[in-house]
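You will see two complexes here that share subunit A, one where it goes with subunit B and one where it goes with subunit C.
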Partner chain A sequence: MSGPDLGDGAQRLVPRRPSAPDAVVASAAMQVRQNLVHPMTFAAGVLNPLMFLAIVVVPREERLAGADVTAVLSGVTLATFWAACVWGGVGILRRERWSGTFYRSVTAVQDARWVLLGKVAGATALNLVVVLASLAAGSLVLGLRPEVEHPAALLLGFAATVVSGTAAAQLVGSLLVVTRYGVALSNAISTPVMLLGGTILPLTFLVPPARWLSRTISLSWLQDFLASAATGPVAWWALGGAAVTTTVYAVLGWRLLTTMVDRARREATLDLF
Partner chain B sequence: MRENPWRPVVVTSQFRIVAECLLFTLLGVVAGGRAGGDYSFVGAVFLASTYYTVSMISDVPMRDRMEGTYPQLSRAGRPPYLTFVVRSLPVVGAGAVAAVVAGVVVGAVTGRLDILVAMAPGVPLLVAACVSGGAVGLFVIAPAIGTRYDALTYNTMTALIVVFSGALIPTGRHGVLDALGGVLPLHHAIAGSRAAMDGQPWGAYLLAEMAVAAGWALVAAFTYHAMDRRGRTTGRGAFSS
Partner chain C sequence: MQGENPDQAIPAIEVVDLTRDFTVAGGTVRALDHVSFSVPAGQCVAVLGVNGAGKTTLAKILSTLLLPTSGRALVHGHDVVARTAEARGLVSVVLGGDRGLYSMLTGAENLAYCGMLAGVRRQERRSRVRALLREVGLSEAADRRVETYSKGMKQRLHIAAGLIAEPRVLLLDEPTVGLDPNEAARLREQIAALRVDGVTILLTSHYLVDVERLAERVLMVSAGRLTHDMGVREFAESVGYAATVRMTVAGDLPTSLVDAVSAVPGVKAASGEPSPDGRETVLTALVERWDPFVLTALGAALGRAELVDMTVREASLDEAFAAMSEVTG
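The block that comes next holds the complex of A and B.
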């Protein structure tokens, strides 16, 4: 804190407005601590990935090997990570409303959008870490050995996954928080994305028109990029596709949240937030 | 029904159920071609009922706790568990309907309506599976009512059923999977359905599924009775007056 000298040695203390990065980091850290003890983190990050790993791998007649293992593991990672992000994004915004902290965030000195962005980013990053840890354990049990010729590309892909997941979760959360059927709608969204996302279900199993729809989902690009880290060449074009779709999600999510808050201010329904 | 207006329920829940049924069927195709898809389709139709029978059924006992009406229920002339069972009947019925709707839609989309028709004589198996799913659904939520673990309980049970029931992972390959599946809902009903499609008798499978349902219903009855007594005796817990 700092302030003007009043002449007698005393200073009027003026709170320093936290910067946007400070707000994002603090919110992310807080959300990670909250989610670490939330039971749904176990359900979404451990149960779901292991369940899908089992039903994708065990029924296969031929044993998976090499690059196929990498493709399957990245597919299960992305599919279950997506489901966790949708659930988490909606859940964060809804809890903010229920607990009354959304209203306070909107009227606070720091832009509420940065606070929410930090919370969603923290939850998303934690989701990915938990999903990866679960699948690593599951792979050991099932004897799966992924092939990774380009580990740096794989790490870059994971980072891109967190960014994309954050943007998507923020967009979906903002869309669904305005309806009382948000939880039900988030349930309805998660499975179709698993169908169309090109993750656990390869795009070749979809009819051609559906494949075009898949390309509006960042997961399909991320899956191509992560799978290419197995044997190369690295599919940088896929990373570009993921960047474009993620940017669209981020811009839409940011605008939607802004519109929602502005409308609440105009209609004097901010105390309902 | 008044608490669950049909439009959002149909649009969201049934949409998700159909999408899951389709996803599981197509994963079977990925794993084993056309035959793999046929195998998974049968299991996926049964699994479609669990959204209601294992997950949504948790609302039945939780509602009384949330709205503070449990004390009246506890002091009534009959055990609260009986009230929960009767109130659960529409949910169990909804599970059966959801499974049929999912089967029709996914069967039409993937060209497997002939399999659905072949499954039709085994409808009692689907009913038994829904009843056993409902019994286990009422059981798993009981210890979690009033805590943050409610969603975790039925999600865990659903995951166990998906993996161990033989719906998507063929039985007879792993002794542990089969042993655990034998005490879980859907396992015997799905096996009976496949036997019925092969022209084999399925009565024993129906009896086995009903035995599983009775077993879980008994366990649930004991659990609710114990929790009700604890609430009356100690004045603590989700079932205290």
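The block that comes next holds the complex of A and C.
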């Protein structure tokens, strides 16, 4: 590999250069291809949401209708999607370490942060598509007809959910890059996060200090926004809250990955080969 | 000077007083201890040492996977710590083995992804992937998932992944381990071809046939220290003898015959033992040099003994390595 001819007969060595767009797109596409054949995609994206839906809807004596259907569907979407994201974010790095491929990202010309972002974004987008498709199918079978007051806002909410899920997964993945117990830790935090996000119990059931804490979880803001998009009026303040918390996750996750990887390079705590 | 590449004056690899400590329960382990050497561009160097000597730690630091505790490591003048991005653009590490590939993706997808990671632009990636798969003999398996590949095929894919960005420095960690002799020979040919392109190769291997066929220089590492730095020929000769000559003569072994062979100039040591069927005697002589004079002298020493068979085997690198390892402890 020689660099440009400098006109005096000499050629200089020119290292390869990174490209953030290429890293993100190629990593996302690669992760989607991997996840499409991974059984957890089926478990988290199909079984989980259908199970949630069935538990909420089937045992009822009276049929759900209207805004209640939308509330149930958006709640189930958020809960199962969030669980899939957290699994995805940590799972990506865990599988990379287990399969011995993580060193490629860490020693790459491409910035590892863009690579991880691409992978997480690809996994997150696929998760949402699969969850929504499963719930659409489930709704058809169960005869559920959601009523959406503001469909554009609902779509915006789902888009915000993908962005927020990506940022959260990147943050969680970065935090756990130096530990072998990533799966266990992510499982441990998953339920409290869903509780604080209001997807297990309504936030009004939480004691006031916990309710304040729930506002650090973007899930709680998204829950409010999606519910308002379904029933109106649209709670734009909730979208703002989600944007702020998501931004914090994104900044923290971005800075954290390099810090954690450099620390691991110093302390030799990456099981890479 | 006109026509001279100024970058040729800079060593491809330069290691200056490199030290790496690891913290373990109960204290610190020094994996590399003030190691210094340099490798000019285009040279193939083998790094030898017993397990735990520090070879892999050295490769990890040069590939930017590990940070050194102190000292410096440079790739074509770029410090692996201060100018990590530039160093990564010039060096590639091939670890091999069953791990390190995405088993649910095809060979072509793996290679394309590695190309992206290595900074190969999208426009040239496709052609590079095809060319490399052809070069390593994986064209027909390109669209199969890596989980269906044999060990040898995975190793070839690893090599292809290491080459996709046309690195100037290639770090090969045990490249032929686990391969059958045919696969190993094929891989050595591919590696040998890289030297024609001026790629600098740092090779760690337990198989001294890899060293013999590929390397021109040997670095011996022991307990984190660089103990020897010599040419391969010099390394082979360090065993103390150049060849082993086995002469089978008819009949019993007279002591005087062994003494006569031992006294031949150029013979370091000689011994004799009866053949398994007891009808012949096998004389073994370690010769410091193998040339027509030694051959003639041995023939004269045998006198009237009837020579039934004679084989000459050059001293192997395994013997040299064993001898060196004994010396360094």
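Keep this in mind: the second predicted complex is superposed on the first by the 241 of 273 C-alpha atoms of A that agree within 3 Å, B and C clash if a C-alpha of one lies under 4 Å from a C-alpha of the other, contacts with A are read in each partner's own complex, and residues count from 1 in each chain.
One rule holds in what follows: a residue touches a chain if its C-beta (ideal position, glycine included) is under 8 Å from a C-beta of that chain, and two chains touch if they have at least 3 such contacts.
Keep in mind it's a predicted model, so treat the numbers as computed, not measured.
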Quiz item: Between subunit B (first) and subunit C (second), which, if any, makes contact with A:42: first, second, both or neither?
Solution: first
Quiz item: Does subunit B (first) or subunit C (second) touch A:19, or do both, or does neither?
Solution: second
Quiz item: More subunit A residues touched by subunit B or by subunit C?
Solution: C
Quiz prompt | Touching partner for A:104 - first (subunit B), second (subunit C), both, neither | solution = second
Self-check item: Doubly contacted residues of subunit A, that is, touched by subunit B and again by subunit C
Solution: 38
Practice problem: Going by the contact rule at the top, pick out the subunit A residues touching subunit C in the complex. | Solution: 1, 8-19, 22-23, 26-27, 30, 33-34, 37-38, 99-101, 103-110, 115, 262, 265-268, 270, 272-273
Exercise. Under the touch definition given earlier, write down the residues of subunit B that touch subunit A in their complex.
Key: 8-9, 11-13, 15-16, 19-20, 22-24, 26-32, 36, 39-40, 148-149, 151-152, 155-156, 159, 162-163, 168-170
Quiz prompt | Touching residues on subunit A, where the partner in the complex is subunit B | solution = 38-40, 42-43, 47-48, 50-51, 54-56, 58-61, 181, 184-185, 187-188, 190-192, 194-195, 200-202, 205
Self-check item: Complex interface listing, subunit C residues touching subunit A
Solution: 2-7, 22-23, 56, 60, 63-67, 76, 78, 85-90, 93, 95, 97, 99-105, 109, 112-114, 116-122, 165-168, 173
